[in-house]
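Order as written gives the chain letters A, B, C, D and E; numbering starts at 1 within each chain.
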Amino acid sequence: QAVDLQFYFPVAVGGKAADTIQELTDAYVAQNPDVTIDAVYAGSYQDTVAKAITASRGGNPPQLSVILSADMFTLIDEDLIQPFDDYLTSDEDKKWVEGFYPAFMENSQTGGKTYGIPFQRSTPVLYWNKEAFEAAGLDPEVAPATWDEMVEFGKKLTKKDDSGNVTQWGVRIPSSGFPYWLFQGLAIENGAILANADGNKTNFDDPKVVEALQYLVDLSTKHEVMAPGIIEWGATPKAFFEGQTAMMWTSTGNLTNVRDNAPFKFGVAMLPEKAQRGAPTGGGNFYLFKGASDEQNKAAVKFVQWITAPEQSAKWTIATGYVAPRAETWETDTMKAYAADFPAVLVARDQLDFAKAELATYQNQRVTGIFNDALAAAITGQKDAETALKEAQAQADEILSEYR
Amino acid sequence: MPGAKPSGAGKPIVLATVSRTWGETVAVDGLSIDIPAGSFTALLGPSGCGKSTTLRMIAGLENVSSGRILIGGEDVTGRPSAKRDLAMVFQSYALFPHLNVGENIIFGLKVRRVGRTERDRRLARVADLLGLGQLLERKPGQLSGGQQQRVALGRAIIGEKPICLMDEPLSNLDAKLRHEMRVEIRALQQQLGFTMVYVTHDQVEAITMADQVVLLNGGRLEQVASPRDLYEKPATPFAARFIGTPPMNLFPANAFRKLCTAPDFKLGLRPEAMHLEDGGPVNASVRAVEYLGADVLADCEVAGTGFQVRLPASRAFTPGQSVQLGFSPDDLHVFDADTGRRRDDLISEFGALLRS
Amino acid sequence: MKRGIALKRDWIHGWLLLLPAMVFLFAFTHIPAVTTFLNSFFSTPRGRRPAKFIGLSNYERMLDDPVFWKVLWNNVWFAFGTIPVSVGLAIVMALWVNDRLVGRSFVRMAYFTPTVLPLIAVANIWMFFYTPGFGLVDQITGALFGWPASNYLGNPDTALNAIIVVTVWKEAGFFMIFYLAALQAIPVTLKEAAQIEGAGRWTIFWRITFPLLMPTTLFVCVNAVINSFRLVDHIFILTDGGPDNASALLLFYIYEVAFRFWETAYGATLTVALLVLLSLLAIGQFFFFDRKVHYK
Amino acid sequence: MTGAGFSFDRVLNTFAAWALALLWVLPLAYAIWTAFHPAAYEARFELLAPLTLDNFVKAWDAAPFARYFLNTFLLVSMILAGQFFLGTLAAFAFARFQFPGRNILFTLVLLQLLVMPDILMVENYQTMRMLNLVDTIPAIALPYIASGFGIFLLRQTFMTIPKELDEAARIEGASVLGVLWRVYIPLAKPTYLAYGLVSVSHHWNNFLWPLIVTNSVDTRPVTVGLSIFSAIDSGVEWSVINAATLMTSGPLLIAFLLFQRQFVQSFMRAGIK
Amino acid sequence: MPGAKPSGAGKPIVLATVSRTWGETVAVDGLSIDIPAGSFTALLGPSGCGKSTTLRMIAGLENVSSGRILIGGEDVTGRPSAKRDLAMVFQSYALFPHLNVGENIIFGLKVRRVGRTERDRRLARVADLLGLGQLLERKPGQLSGGQQQRVALGRAIIGEKPICLMDEPLSNLDAKLRHEMRVEIRALQQQLGFTMVYVTHDQVEAITMADQVVLLNGGRLEQVASPRDLYEKPATPFAARFIGTPPMNLFPANAFRKLCTAPDFKLGLRPEAMHLEDGGPVNASVRAVEYLGADVLADCEVAGTGFQVRLPASRAFTPGQSVQLGFSPDDLHVFDADTGRRRDDLISEFGALLRS
């Protein structure tokens, strides 16, 4: 009797991803006749959580699902997931867990337990338009390495037409939808951590955070190197291709897209530093759902181990642009050949040394929602950075106090 | 229709003190009528007197405010129209705009699942009868008013129901067609033996077709009688003036010097009952003359009372001219001025007095 | 009495006709809605902490919630921005399209597009239109008037208005369809009679067509009111409620609370508030006007 | 033939109608533009831009669309049939019968207009599981089959149908349902068409509930395939989204083009001359 | 209305070879009519002959397939109704269902921004004239058929336009009211001097009211004449039979032995032109008798040709009875059997022959 598994996965980077997951699952099932896996495409990250929670509450949870790493506390809070540890008992298994980049594991473990296994993970990087650099008299091969440099370069790169309308901005840090993520890059660079590892305390009003926010606001108001107002995430790559901006911050998930569509030479660099280099991680982990039998859980864990193994992981990374979460993957021949052909992919990997966990707390969406609103208020000039963050911190404290 | 078997002879209809009111408006007021099975009854009366409402109550389309309605001896007061087994022609035709003429006519047959061949046979006959043969494919919107009315008529007669209600079914037809239809409807009714209740504002129709005429006035029953009786013995001045065109002339009794002792009566004389008679009892002056074709209608005056006379068109009359008119005493009608009732007992007396 | 029987028959017919629809309505709307309503008196169950009765606390929280008041106010503004314009445009479009017009098919098809295109796609397209710099609006205003790039969606002052425009676009085409169907039912003779009386197009419209369209207008208005609280799908893509809730509407906020924050109890509370509000507005509107609208 | 003032009025109206139409069709026009051009031309409108079908190929390959189309077709037919059936009966009851509880029941119908089905998703999922219908097409359809919108719309229409036609049919012996079938439904045809178009396009494009209640390719509608491209982690790819959109809503557009002639045909107006 | 100044005297209307077709159907076929200013013209003809269509073309509601229409000397063929400055009563009334009776009537005045007091004054007068005083607040749906028709009439006459078109405006009124309305409409028309085009299927109306009668048949002009001429000198057998109730009797010439040498002619005699005359030239047998009130209509037969005679009701006739009838030669009409044209030249010859 074969073990039945149901596995939900989201797609956040376009059509190829779904195919690849299906292919991998099929390959696995072909090799292991004792399991059948029903891989269910579940929409965006949002949709996937909604589907998983709805199904669980309706008494029909999946056994396995890929969900945002930042949702870990929410899922624990909802009592929907169980730690992997019970099924990772052998030493081999423990070593396997340690094989993931620590930056990715920060969001996957809490209270000493491992709840998530990194899978489709990403991190933001800086893309720059080499031709625009050249036109502005900058060295096209050198990206800004510090905040100040970014302003300095930006000023050179910002172009206006005769009537004073800007035709090309220096830099673009999108702030729609989930502004906290890219902002977190600035905060980490400034040495601030937004939330503790237990997910029950935030540091929104840390002066370093305020300073980082002030810098972001200044980019458009004081230095005038970035467009004012909220900047749309979805339109950012297009703006970059259209020459509307000479630099952009966005996810490594965009690498393939940029390579295919940028009509000019471009470079990829780590985010510039202030006190230090830094970037948040992002993306989805595997979670093990409650309500399954022991066999199912064991089979699920085996599958997770298989799909994150070097060969499969390499295939996945190449197909989607996500950062392979285990160092060993980068050692495979496939990956090496890929990186040789397209060295930009290595930037994200290297940046992982400085990366920190994505903002994640209990009641995560609500807390980040509050933080997002504060950022938006500051960016659009409705509040100054400090008040906005102070208020956000107060609200977050109120929500999180019951989890301390 | 020859060869078609009556689907059951007519059924009698009884209205027992039926009323219908809308808020303040009393459309029908305690009406009691007996309509014998297989009879042709005409409902007559001025505009707004409640004819349509009465018909609609018989059909079950209008709720009865009080009273009862019996069809074939059964109380049908609360029964829905579909179960009353009758046909009806609506004053506004009520043709189905989405069906063509043929489909409109056979609508009821289809509802009752009459077989296709039978349907076609009957349709052909009805269409032929009504001169609609060429129009069967048209939609009602593409017909003239008279054509629409004929379709409505066709829909009602094709079913050969025991009761047929018609609300002014010929009002939009020309005189010739109307005359033909009158004859056809009457023949059909007699042949099939169904009970007909026929609303009309046209007395010629009422008089030529009906077995009995029900005259309504302001929602109340004025008189029920055979056409001949209604014409010859109107029960009230209202009936007298309503039936006959131009209407009967009514004179206060004291318009005639010889009758000035009887001021409490009204005398009636039909325009066609008076004729030129040198030395006749009525000495009138002509006020105006209206040309009618075969005759002229002279508007005359006697002792301050205007009246009309139908005179042969062969003689020329000029306004102002004075004429002497006579009549036969049998043509005289006498009404009590107070109660409005007919006084047949006085006719010969007054007639003699006048001619004396 | 016999009349009683006639009435009773009406009752039975009425109920029987309604029965199938009501079964489904109850099973999939009303019973779940009642559960939702009851949930508003409990705390949100979180895996390890089951729901407990907390009385009106959720309602108190709602009254103290600045975001609630903000989105409510946004919604009022949104309703005033969308309803009159979209209903007015719908009538005008229906009249045009019902008329003999050069290229009527194309015009009709154009007005109909909002209904056919899925919102996900539409929202993305509008996002492009609004994008600062190379977006269509900026390309056009830039080329025609030399205006600088403007960030319609990223500016709290314009974000909601930008959403209103998209909504009007969507709604007017949608409502037009119902007006078009209703126009078919107006007898031409009435228009002819009015023409004979010397009435021009304008008078005919105001005195004949418009009053005769009242049943449809009532229908459309009730729906427009409801939609003004209901149509939020495009907000997810266009602004996600931002900046700082400037373009969030009540239902959007409910979504956020219920399906992002998973605070189902508070979501239920907000839903109850929304339902009460809408019932007052839409159902009240209906029962107030229905009698006047059907003159028979 | 026509007088001067008359035609001026006409021209003005035609002009305005066209202006508005062009404005309204812009999103569709843009969708067509981008779908047939390489991504580089998403924001540049050059007459001589090269044409391509790559976007469609890409979209088509992303999901088993053939199967999805079949599912969607079954789904919307099921919903439409149910909505027409239940809506017609209920609307008829509300339009032409007097019975106690009428207003309360109608309020309940209107309430359904207000209650967004998505809010009730969790409850409805439970019901579907109880009925053992999860991951079937009926599960997607059932919650939408009794539509307050449809009942309300049809009621309004039925109430405008001249009462005499109803009476004439009843006199002819038609039963309650006979009158409905032979008089009301044919005369409400424009409304049915309008409602059908709207309902079909709404459910054709509905996404969240189908996504949640289904798991397999055999039951999922096209929107699920389409949604793969709307996930925007990597930025919006208008050309592919729009190709996918055109592909999925193409059948709707074509259906509308076919039906619109009928839709504006004046079969009803001729009748009440 | 006394005291009201005509808003401009009537305007003449000219139809120049006007046609109207719908696909195959030719409703109006090359019609040319001259309607003098201020005249009262009646359009008469059988159902479906194109009367309403003609009227609607004059009103500008129906497109003209070919030909031209002139009003007041101006070509208005393509002009919209609103600019033709005329009033119209529709066959189907076309009352605005959402407006009450009063609002329906003053609709046109409001459109033309006539002052409130003037409006009220005119409304009061029209309502009074039409007996609608009590009903001003009602909606059309709450009126009887005749009441609706009167509202439509009111809406047309209140405007005092130079041209007034009426499509069977009295068809749903009872005889009495109809007679009154006839007189009123005619008086109003003469007083205000507007041009009236009046469609009717009722010849009495046409004959009593009109200055000229236009007789249509199958979309073609049959005859234009004054009522008297139409009655006395019908130009064709169709006109002869159409005008007059019951219709004129037509005999093939060889029905009379004395005329069997002239088989190519038809002889016409009106039912009322024949009278009982012992030894009269026509020897007929009675087939049936219809009671009409003042007279009876006897259905007779001579040499296989059926015909009708109006005879006094005072004598009783039984079917099968044989009667001898006479007529004056002046009442004879002669038509060419081939061309259908009237042959006045032959009347005295034939008359003499018959009486010989």
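The rule is simple: contacts are C-beta pairs under 8 Å (C-beta built on N, C-alpha and C of every residue); 3 or more make two chains touch, one makes a residue touch a chain.
Here's who's who by UniProt: B, E = ABC transporter ATP-binding protein; C, D = ABC transporter permease.
Everything quoted here is computed from the prediction, not taken from an experiment.
The pair of chains sharing the greatest count of C-beta contacts is C-D.
Greatest centre-to-centre distance from chain B is found for A, with centres as Cα means.
Chain A and chain B have CA centres that are 92 Å apart.
Chain centres here are Cα means. That of chain D (ABC transporter permease) falls 54 Å from that of chain E. Residue positions of chain C (ABC transporter permease) with contacts to 2 or more other chains are 124, 127-128, 134-135, 187, 189, 237, 296.
Counting partner chains per residue, chain E has residues 80, 92 touching two or more of them.
Annotation for chain A: residues 50, 234-235, 238, 242 touch two or more other chains.
Per the touch definition, chain D (ABC transporter permease) reaches chain C (ABC transporter permease) in the complex via residues 9, 13-14, 16-18, 20-22, 24-28, 30-31, 42-43, 85-87, 89-90, 92-94, 97-103, 105, 107-120, 122-124, 127, 142-143, 145-146, 148-149, 151-153, 156-157, 159-161, 163, 176, 190-191, 193-194, 197-198, 201, 204-205, 207, 223, 226-227, 230, 232, 236, 238, 241-242, 244-245, 248-249, 252-253, 256-257, 260-261, 263-264, 266-269, 272-273.
Across the interface of their complex, chain D (ABC transporter permease) is touched by residues 6, 10-15, 18-19, 38, 40-44, 47, 50-51, 54-55, 57-60, 122, 233-238, 241-242, 250-251, 253-254, 256-257, 261, 263, 321 of chain A. Remark: chain C (ABC transporter permease) residues 187, 189-190, 192-200, 203, 207-208, 211-212, 214, 295-296 touch chain E in the complex. Every residue of chain E that touches chain C (ABC transporter permease) in the complex is listed here, in rising order: 59-61, 80-82, 85-88, 90, 92, 94-99, 107-108, 110-112, 139, 141, 155, 159. By the touch criterion stated above, chain A contacts chain C (ABC transporter permease) in their complex at residues 46, 50, 53, 74, 76-80, 163-167, 175-177, 227-232, 234-235, 238-239, 242, 244, 363, 365-366, 369, 372-374, 376-377, 379-380, 382.
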